[in-house]
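Heads up, the next two complexes both have chain A, just with different partners, chain B and then chain C.
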Partner chain A sequence: MKYSKLLLFTVAIIALFAFPLFVNNDYYIHLGTTILIYVILLFGLDIVVGYTGQVSLGHAGLFGVGAYTCGVLFFKLGLPFYVTVPAAILVTAFFGGLLALPALKVIGPYLAMVTLAFGTILQILINEMSFLTEGPMGIKLLKPSLLEAEIGERQYYWLCAIGMLFALVVIHRVLKSQLGRAFEALRDSPIACDCMGVSVYRYKVYAFVISAGFAGFAGALYAYSEKYISPNTYNNELTVLFLLGIIMGGRKSRLGAILGAIIIVLLPKLLDDINLFRMVAITLAVLVAIGSTLALSKKITTVRKVLTPLVGTVALAVFSLF
Partner chain B sequence: MILLVVYYLQDGIVGFFRNFYQALGGNTNNHLVQTEQTAVDGSEVIHKARETDSNAPILNIESILMQFGGLKALNNVDITIKRGTIHGLIGPNGSGKSTMMNVLTGIYVPTAGDVKFENQSVVGKTSSDISLSGIARTFQNVQLFGEMTALENILVGLHHTFTANFLDVTLHLPRFNREEAAARERAQGLLNFVGLGSLASEEARNLPYGKQRMLEIARALALDPNLLLLDEPAAGLTAPDIKELLTVIRKIRDQGITIILIEHHIDVVMGVCDNISVLDFGQKIAEGVPAEIQKNEKVIEAYLGGQSA
Partner chain C sequence: MEILIQLVFSGIALGMIYAVIAFGYQLTFATSGTLNFGQGEALMLGALVGLTCVDTLGINYWLMIPLVCLFGAFQGSLVEIVGVRPAIKIKSEFGWIMSTIALGIIFKNVAENVWGRDDLRFPSPLPDEPFQFLGANILPMEVLVVVGALLMMLLVEWFNRKTIYGKAVVATANDRDAASLMGINTGVVIMFSYALSSVTAAFAGVLISPLTLTGATMGASLGLKAFAVAIIGGLTSGFGIIIGGLILGVTETATGFYISTGYKDVPGLLLLLLVLALKPSGLFGKNAIKKV
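What follows is the complex of A and B.
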């Protein structure tokens, strides 16, 4: 069991790094890079949403802070990649701490409102502080350079892959340690958590700070990936997309974050084209049909229960053909 | 789309497939039918209470007043708890027992009065500071961390034994590895102590009620407390479970840990307590050894609701 898992993991890593070698279209590689960047952000978001159970709608704002820290340092001071990225992580983590302050006072839907406002304020600030951020004009960047030459799309993909693996290891270790257990505990029962000597106050702040750090990391990589950043990228739509990714992929799961990122990046592209949409709808219907028959044959569910999703997906598939 | 996901896939795609796979494979949890390990002697897992001046009382509750609006939940209550004893706190429903627990653990801040634990006031300190200073508690309505395994629940209680920082954790430096291994070993020991050793990897919310209560006690013990507050530990337990509970409580006392026991089962209280205080409408109406309490007219009146003479 353990051996096969290791093998699977190795195959996954090889596939991850080999992907750009088989694809010649820069656009697809760019999509892959975007997925990797979103994965890093979703890892961080999962700490707040999945583990501590707080709904944060401010992560697009934090993502923007990371991107702009990078952009401003590059644009104004011309600092290299290996300085701007750590700086972006630190600055965003600081903003995450600011976001945590209201999170200590309010819970549930109210927290969602506060974080939403936080994200909006960040976006407006970026827009208005023209002396620093060039306002709505945005900032142009160059990809980091290696041996005096700007690296290409493919090399940058590998760089992001390394970043993603690094984030994966860090997140996994943090969540398996006493920190992760504290986060999980304060979701299930804050009062018991306090009475076990784990200060709810302190660990909520830690969770937001660590989560924001990853958002900043992702934002910095995103800035270099797009080579152009402007304030209206980091809007509330992006926040909802992130949240959808984490909930759809599955919370408290690294695989879920990866799956969620793939879905939120690829699904809009797939739905753009009618032929692709047909394929997606039919595949979905077939999958649901197979799943339902399997479930019915093993008698773990009833006909009534599987009927709604089955009819729904089949109807979608039929609809796509017209 | 987000609506569909929230409605149909509450655990997300990964969670959904995990559940689906388990259901298909008939992979139900059969941990529960495993034979129970007998409760082992706890002397090696429970750290002895710190010995200080053994004659001085461990806890002094001095004329505590707890007011919610116009309601006086606790009205000038004085209680002194002797070190190393089991002190019972009984009273009819709504008499302020659980309020007292919440005052002691810092969840409520009393309107007036003082609580001195080992000669230091705990009033105004946060719950987590109080628990780290040596007061551990269980809850009347079980407050376990439901999605975590039994072992992880205890590990949260052992949180105070960790000194590893973020860097230690991410790089798996020796300090973290050492602390993690020590904590896991001790957590398993504590589980064995309350007879849950074989259920270590079971999620807490799937445990039967009686086991959940035991797990709460084990988690509280992980704090290395000097004073343990048990809030109705026997509520909802079956007779064999209660018997097991009493053995565990006595063993904890033998380690020098002082216990305050809130309970409605009179036979439990009378059987195990050294001293008993009785509360009624926020006031202390009697205090003494179990035999005295049983004969006390005021207590009988409070419980049976007779007219005062």
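What follows is the complex of A and C.
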């Protein structure tokens, strides 16, 4: 069992690193890089959403803080890659701590709104503090250079792959440690947690800080990957996209985060093509229609239950034809 | 000093709009413990539908308001059926948050496709000539906003207190399980509260749009700031949201004038974070006692 798992893991890593060797199109390699960056962020978001069970709508803002720390240090001071990325992680972790302060006292819709407000404030600040962030103009960056050698799309992919594996190891160790157990306990019952001497307060702060650190790391890598950052990227829709990734991929799972990142990066690109979108929508509608007729004829479900997905998919298919 | 009075008056009109939207949040939160995070989009849709009625169909502004309210009721019920009911049924922690946000984004995109991305002008039903009051210029429309907002809230309060259907809403708000045992169809009540909350939002939309521009993106920040108002005033206090709305409206216009219009959203959100950090139940809300 253990050996087969190890084998699978090795194959996965080899496939991860070999991917750009078989693809000659820079665009696809860039998509791969974006997926890797989102995976790192989703790892971090999963700590807050999956393990401690708090909903955070401020992660796009934190992502932006990471990207902008990196961009500003590069643009204003000309600092190299190996200084800006750790700096981005630290600064974003600090912002995560700030977010934790109001977020500690509240739950449910209040928490969602606090984090949303926090993310919006960050976006407005990035937009308005032109002396630091160049405002709506955005900042242009160059790909980092290692050992005087210019890094291309492919080399940067490998860099991000190493970063992702590093994040994977860190998150795995964190969640297997007493920290991870405390996070889970905290989600199940905060009161029991406090009674057993595990401070809810302290561990919530830890969760937000660690999660923000990952967001900062991802943001920094993203800034170098896109080579251009502007405040409008880090809006609330990005936040929803991240949460969607976690929920579709599956909470409390590394594989889920990877799957979620693949879905949220590739799905919009696939649906950009109108013909493909039509095909997917119509196939989906037909499949759901056949499935629900079969289920109804065998009396597994009721009409009410199949009505919503059926109407939804048919509406999507009709909509796609316009 | 005159400028300050001017700012206060514009702030009051803006604040009343926030209060009306926040009132919509309160309605659904009372009955179901959930909120429509797409409330800003409900407002935007109401305003745009109103604009189409006035501009394209040539309906009188005052006759258009009931139509828009009807549309709002329909839209709110749709949100409840599609987004909230499944989440309540499985007792999901934040499924309804995601689904109402997602519906909000869908509504925004649909509006962008139907009405375009540009901001549109909404013809004012009242004369554009301001009149003098305490040395400040006041638009007749601003008075209408304040009066209309107060009227709307009073109407809903009257409905809740005096009619038998309103009593069903209050009963559901007090204890959903007990109300259900007493033969009240709580599912319908929750749907009704969603419809009502979207009606208030759509109504606020047609009130505010002659003063500002109408467009697909007008809802997002209004919805967020109205939530700030609901939190600052307390999600359970009707009086609190009016005060909260006025505080936010005035600070916002003052910030816009004295600092920069780009920062005008920030004080409200900072106030929200501050209130939550110091008094999470809001300035006027009652502390909920949680039994273990």
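What we mean here is this: the second predicted complex is superposed on the first by the 271 of 322 C-alpha atoms of A that agree within 3 Å, B and C clash if a C-alpha of one lies under 4 Å from a C-alpha of the other, contacts with A are read in each partner's own complex, and residues count from 1 in each chain.
Keep this in mind: a contact is a pair of C-beta atoms (placed from the backbone, for glycine too) under 8 Å apart; a residue touches a chain by one contact, two chains touch by 3 or more.
All values derive from a computational prediction rather than experimental measurement.
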item	value
Fit or clash - chain C, chain B, common chain A	fit
Touching partner for A:I121 - first (chain B), second (chain C), both, neither	second
Which superposed partner A:I191 touches (first chain B, second chain C, both, neither)	both
Chain B versus chain C as contact partner of A:V170, first or second or both or neither	first
Contacts of A:G32 with chain B and chain C, given as first, second, both or neither	neither
Contacts of A:V240 with chain B and chain C, given as first, second, both or neither	both
If touched residues of chain A are counted for chain B and for chain C, the larger one	B
Which of chain B and chain C A:G219 touches, first, second, both or neither	neither
After fitting on chain A: smallest Cα gap, chain B-chain C, Å	5
Contact residues of chain A, present in both the chain B and the chain C interface	191, 240, 243-244, 247
Interfacial residue positions of chain B with respect to chain A in the complex	1-2, 5-6, 8-9, 11-16, 20, 23-24, 26, 105, 107, 126-128, 131-132, 136-137, 139, 143-148, 152-153, 155-157, 159-160, 162, 164, 166, 169-170, 172, 176, 180, 183, 219-220, 222-223
Touching residues on chain C, where the partner in the complex is chain A	29, 33-35, 37, 82, 86, 93-94, 97-98, 101-102, 105, 220-221, 224, 227-228, 231, 260, 262-263, 265-266, 269-270, 272-274, 276-277, 280, 292
Of chain A, residues touching chain B in the complex	169-170, 173-174, 177-179, 181-182, 184-185, 187-189, 191-201, 210, 240, 243-244, 246-253, 255-256, 259-260, 291, 294-295, 298, 300, 309
Chain A residues within the chain C interface of the complex	53, 55, 57, 101-102, 105-106, 108-110, 112-114, 116-118, 120-121, 124-125, 127-128, 191, 236-237, 240, 243-244, 247, 308
